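Structures incoming, each one as structure tokens.
The following pair of complexes shares a single chain, subunit A, combined with subunit B in the former and subunit C in the latter.
Coming up: the complex of A and B.
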């Protein structure tokens, strides 16, 4: 709960900073606050307290994901500083980001459907604005508007689902809903199933799983690169953790009714996104499709639900976020002026900035799932979960789609090392970016070498 | 008596909701939407929730509908601007929404067999009980909504501020001196987004 207080307080503080001209010290304070948030969360480990008549429950699952989100947000702030410095509304942006983090924490720690809804709304509304923060860019405006329309539509589905579930069970509380569902006979009202499916549709929009992914590539491409990095890491983690929390605990006893639907969504997500990514010219769009694909791998754990699913997801999202942030940071520097850089703009990056090329290589290899790195073990654990639950077919399919993934990731690596650069001017970078890239790379490698640190956590 | 009232109001609500979708004129759509909102407010009354009914009428029929009318007035919607979708798109939309309808009818058929009984009394929906619920059990959501509203407000101000700055710049470029007045109106949005 302290995490929520600190994050909201920081958000309000950064709004006030504009008045009292604290702008200079705002950035270090936000960084410190995020670290303090993560620290305080970890101190509550194993207590599992619930707050405010069971609205939020900080069990180990919630703590692990909230702390992860705080650390990723820390790295994200390091990455995005120069973008916001050039922006006149730095304090407003910081406030929006911090408020959206509050929403993200709610989404992973809720134990009442009202809090899930509020968390999603707080996160989304801040993001609609951030997506359009490049006011003079038409693509950014389009991204913002599209995200807003699609997001509101998805929220409608979610609310309708919540209402139907409330109609059957008479409660918003996850524990009580679960009680009613488990206690009830097998002859459950069709209303409940309709409600569960509608909630699934609403949440699948948020994690951009395939039949509901149409908004994602355009929004990711149009938004400023730093905002895209935020969307594809923190938003995705919060949305998926919320999805998993709802379906793995609350609706687990009626899993027979929804597991087939999730299976179809997972398979479609894996196949469609990986194949479409091959045909993308813009690197940002390619990364958008790759982020959709990773949602597909995560959905496998929900299909093959067992006791290590939660740890497998935590490991996967941390590995994915570290690699993804590094990739977006490099893209942000390489494509400084031109937001929609194609693979050609990476030509000969190894000569223009060897460290960046190395960082990008490690990040892409991890995303592709090449052995010593974290991405490999992340996929490995998810496949283990699926294998143990007897979903061999879906594992085979996921392996094939990973192989397709290697193709489009390697295209950039080849461009960086084997092709001649168009210009020889070195890519300008700030120390902040180098620090952030080093942290991301180290965590990718360390997570890969010592996966036990995370995997036995929850 | 209540049952007949319920059926009548529901019929009216569904009918006016359909008219919202089918009317050609956007102003008519908005006015039908007002009727729909009033019908929903009547439903609240039937459920003994007077406070919610009043709030619903004030907020939706009052504030939000006026906003809708303003937006329509500002956008100046004409029939010529309506984008025409090809027949293939229309067929696709009909099929998908028809499937959704089938799913819903299938799901809700037989739902009336089971009636969920809630402990309710004559004063369930009174302000006093609502307030007690909001400030005890639902205290956290009630307070947290302030963050949601604050975020929305900050965003609105932020987007608005940028526009004003850019409008001033355009005005400068246009006539050499900073007259904001010349950079007003919808006609300039095209220039703003350049």
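Coming up: the complex of A and C.
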């Protein structure tokens, strides 16, 4: 719970920074604050306390994901320093990011549907603004507007779903809903299932699963690269953890009724996103589709819902976030001026900046799922989850789509090591970026070698 | 402990190499690989040639998923570890004359590769085996991608996707087996054997194909070989040596350790199919080798033929076939590395590897010619060379399986003689031309690589007993498992 206080406090603090003009020290304070948040969360481990008349529950699931989000946000800040420096309203942007983190923490720790809704809205509203933060850029404006329209549309579905579920069960509380559903009276089931499906549609929008993904590539492409990195890691983690929390606690007992729908969504997501990614020229757009694809792998855990699903999700999102942040950081530096760099702008990167080329290679190999990196174990673990519940077919499909994945990830690796560079100027990088990349790479390797650290947690 | 050391030392060496000055890269890489060879010799000295698995190390790794760092060495692994650690110094030494750009990365990738290869051969945990199996793919991919020849981007990508496709199917098979293990699920080799052998025949067939696909692509067995000629042709010489000298043995080793004893019923069902595919591969690849104009491609196809024979012998499931496969793996590894180096020497002096534009090298390079003759004879399996022992046992086993198939498989010796002798004749004999008339004979460095190979080719041919002795008990044991199972199921 302290985490929520600290994050909100930091947000208000950065709003004040403009007035009292201590902008200079804001950055280190936010970094420290995030580490403190993670630390405090860890201290709450195994307490499982509820707050605000059972609106938020910090069980181990919530703590693990919140702490993960705090650490990833820390890395994200290291990567995005120049984003804040190049903006006119520095402090506003700090506040936006921090408040959206509060929303993210709500989304992983809610035990009441009202909090889920609040969390999603707090997170999304900040993001609508961040997506449009390049005010003079037409695409950034488009991204912001599109995201806003589609986001509100999705929230509408979610709200409608919540209302229907409330109508049936008479409660917003996850525990009570679960009780009513488990007690089971079939007479009002149609309404309940309509509610469940509507909520599913709303959340599928948020995790950009096919066929509710159409906003994602345009929004990811139009937003500034660092904001895209934020959306495809932190937002995705929060949305998926929220999605899973809802369905695993409330609706697990009637999983037979909705599992087919999730299965269709998962299959579509895997197939469509991976195939579309092959045809992308812009690296950012490719990463957008790859992020959709990873949502597909994550959905497998929901299809095969069992006792190790939660830890599979936790491990997967951490592995994915470490690799993904590294890839976005390299893209950010390589394509500094030209936001929509094509694979060609990576040509000869191994000569222009060998360390960046190496970092990108490791990140892409991890995303592609090559041992011994974390991305491999993440996929493997998801396969195990599916096998445990007997879904062999979907594993075979995931294997095929992983192979397609190799094709588009490796295109960049080949460009970096094989093609001649268009310019020979070295890519300039700040020390902070290098530090951030080293942390990402080390965690990718260490998580891959010692997965027990994470998967034993929840 | 020795086993862990054998795996970790090349990795440590590679890490140190990255921190070194570029001048020391070559000597350090050689030193690391020689120390690894010494470690192997120490291991061999302590090794008891019985059927047990020795130097076992077993630590929990991902305990909650039944994955252990479980490694150990039996006779079969021992031979392959010897092959790997003997060839790696030679491969590194063979590159001393080349000046690759960024050669620090080049040598550290080779050492990394050595680590993964040793790991594959000593792993006794299915998951660990898979990790090393895939880890071996990364360095060789980058070696081919960064220092390869024309069109390497597309060729290496095909190679990567092709082999990864096979491995992923194998992974699915392994996970399936894992869930069939009795009691607390485990990836340990014994548990997987128990799980696989208890499966009904139809499931065993499915698992057979899942695993066989991965191994068949790696070897490669016809018709899964299409990645191979291009990749061998495009790779830098050292990459090709690693690929054909050691890496394809991963496939054969995989069949021995992770296929035959795991699903014996499935093997029984499909062994004849595998043999027929292999034999088709032998004839097909030999015929293609005959019409090749490029030396590198010729050897690439001959490699498919040789491996086809090994696979055929292995799937006859009789003892001589298995023992022949063991010895032929060693022999083929040594000979083919020698052949690649000979082609590399020819190319570096004449700037061509096309058979038609060579000739008359013998006149100016007698030592080189002699070395070439010995290694070539090893390749065509002349008696008293290393190739003969293995091929004789293998063809013998295929004959026992079926006379007609045996006769067809025997063609490999005749066709092999045709393409090898012909290419030798056209490159070395005859009139010298502008390119070849000033051919310089072997230098010291090249002698250091080729002389040990020549010695080994002759030594193994004359006195193969010590090598056979190492793996004999383990092979008998494997054969016993298979026959016991057959007896039970009848």
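Here, the second predicted complex is superposed on the first by the 455 of 458 C-alpha atoms of A that agree within 3 Å, B and C clash if a C-alpha of one lies under 4 Å from a C-alpha of the other, contacts with A are read in each partner's own complex, and residues count from 1 in each chain.
Assume a residue touches a chain if its C-beta (ideal position, glycine included) is under 8 Å from a C-beta of that chain, and two chains touch if they have at least 3 such contacts.
Values in this document were obtained by computation on a predicted structure and should not be read as measured data.
On the superposed subunit A, the positions of subunit B and subunit C stay apart, so the two partners fit side by side.
When both complexes are overlaid on chain A, the residue A:168 reaches subunit B alone and has no touch with subunit C.
Counting the residues of subunit A that each partner touches, subunit B and subunit C differ, and the larger count belongs to B.
When the two complexes are overlaid on their common chain A, residue A:92 makes contact with subunit B while staying clear of subunit C.
Once chain A of one complex is fitted onto chain A of the other, the partner contacts of A:305 are absent, as it touches neither subunit B nor subunit C.
Remark: in the superposition on chain A the angle formed at subunit A by the CA centres of subunit B and subunit C amounts to 150 degrees, rounded in steps of 10.
After overlaying the two complexes on the shared chain, residue contacts for A:190 are found with subunit B alone; subunit C is out of touch. Residue contacts after overlaying the shared chain place A:384 against subunit C, while subunit B stays out of touching range.
In the superposed model, A:128 makes contact with subunit B only, not with subunit C. Residue contacts after overlaying the shared chain place A:115 against subunit B, while subunit C stays out of touching range. Nearest C-alpha atoms belonging to subunit B and subunit C sit 38 Å apart in the superposition, given in whole angstrom.
Taken together, the two complexes place no residue of subunit A in contact with both subunit B and subunit C. Every residue of subunit A that touches subunit B in the complex is listed here, in rising order: 8, 11-12, 15, 51-53, 55-56, 88-89, 92-93, 95-96, 99-100, 102-103, 106, 112, 114-115, 118, 121-122, 125-126, 128-129, 132-133, 135-136, 138, 141, 167-168, 170, 189-191, 193-194, 197. Interface residues of subunit A facing subunit C in the complex, by the touch rule stated above, are 350, 365, 370-372, 376, 380-381, 383-384, 387-388, 392, 395-396, 399, 402-403, 406-407, 410, 413-414, 417-418, 451-452, 455-456.
Of all the residues in subunit B, the ones that touch subunit A in their complex are 103-104, 106-111, 113-114, 116, 118, 136-141, 144-145, 147-148, 150-152, 154-155, 157-159, 161-163, 165-166, 192-194. Across the interface of their complex, subunit A is touched by residues 61-65, 130-131, 134-135, 137-138, 142, 145-146, 152-153, 156-157, 160-161, 164-165, 168-169, 171-172, 175-176, 179 of subunit C.
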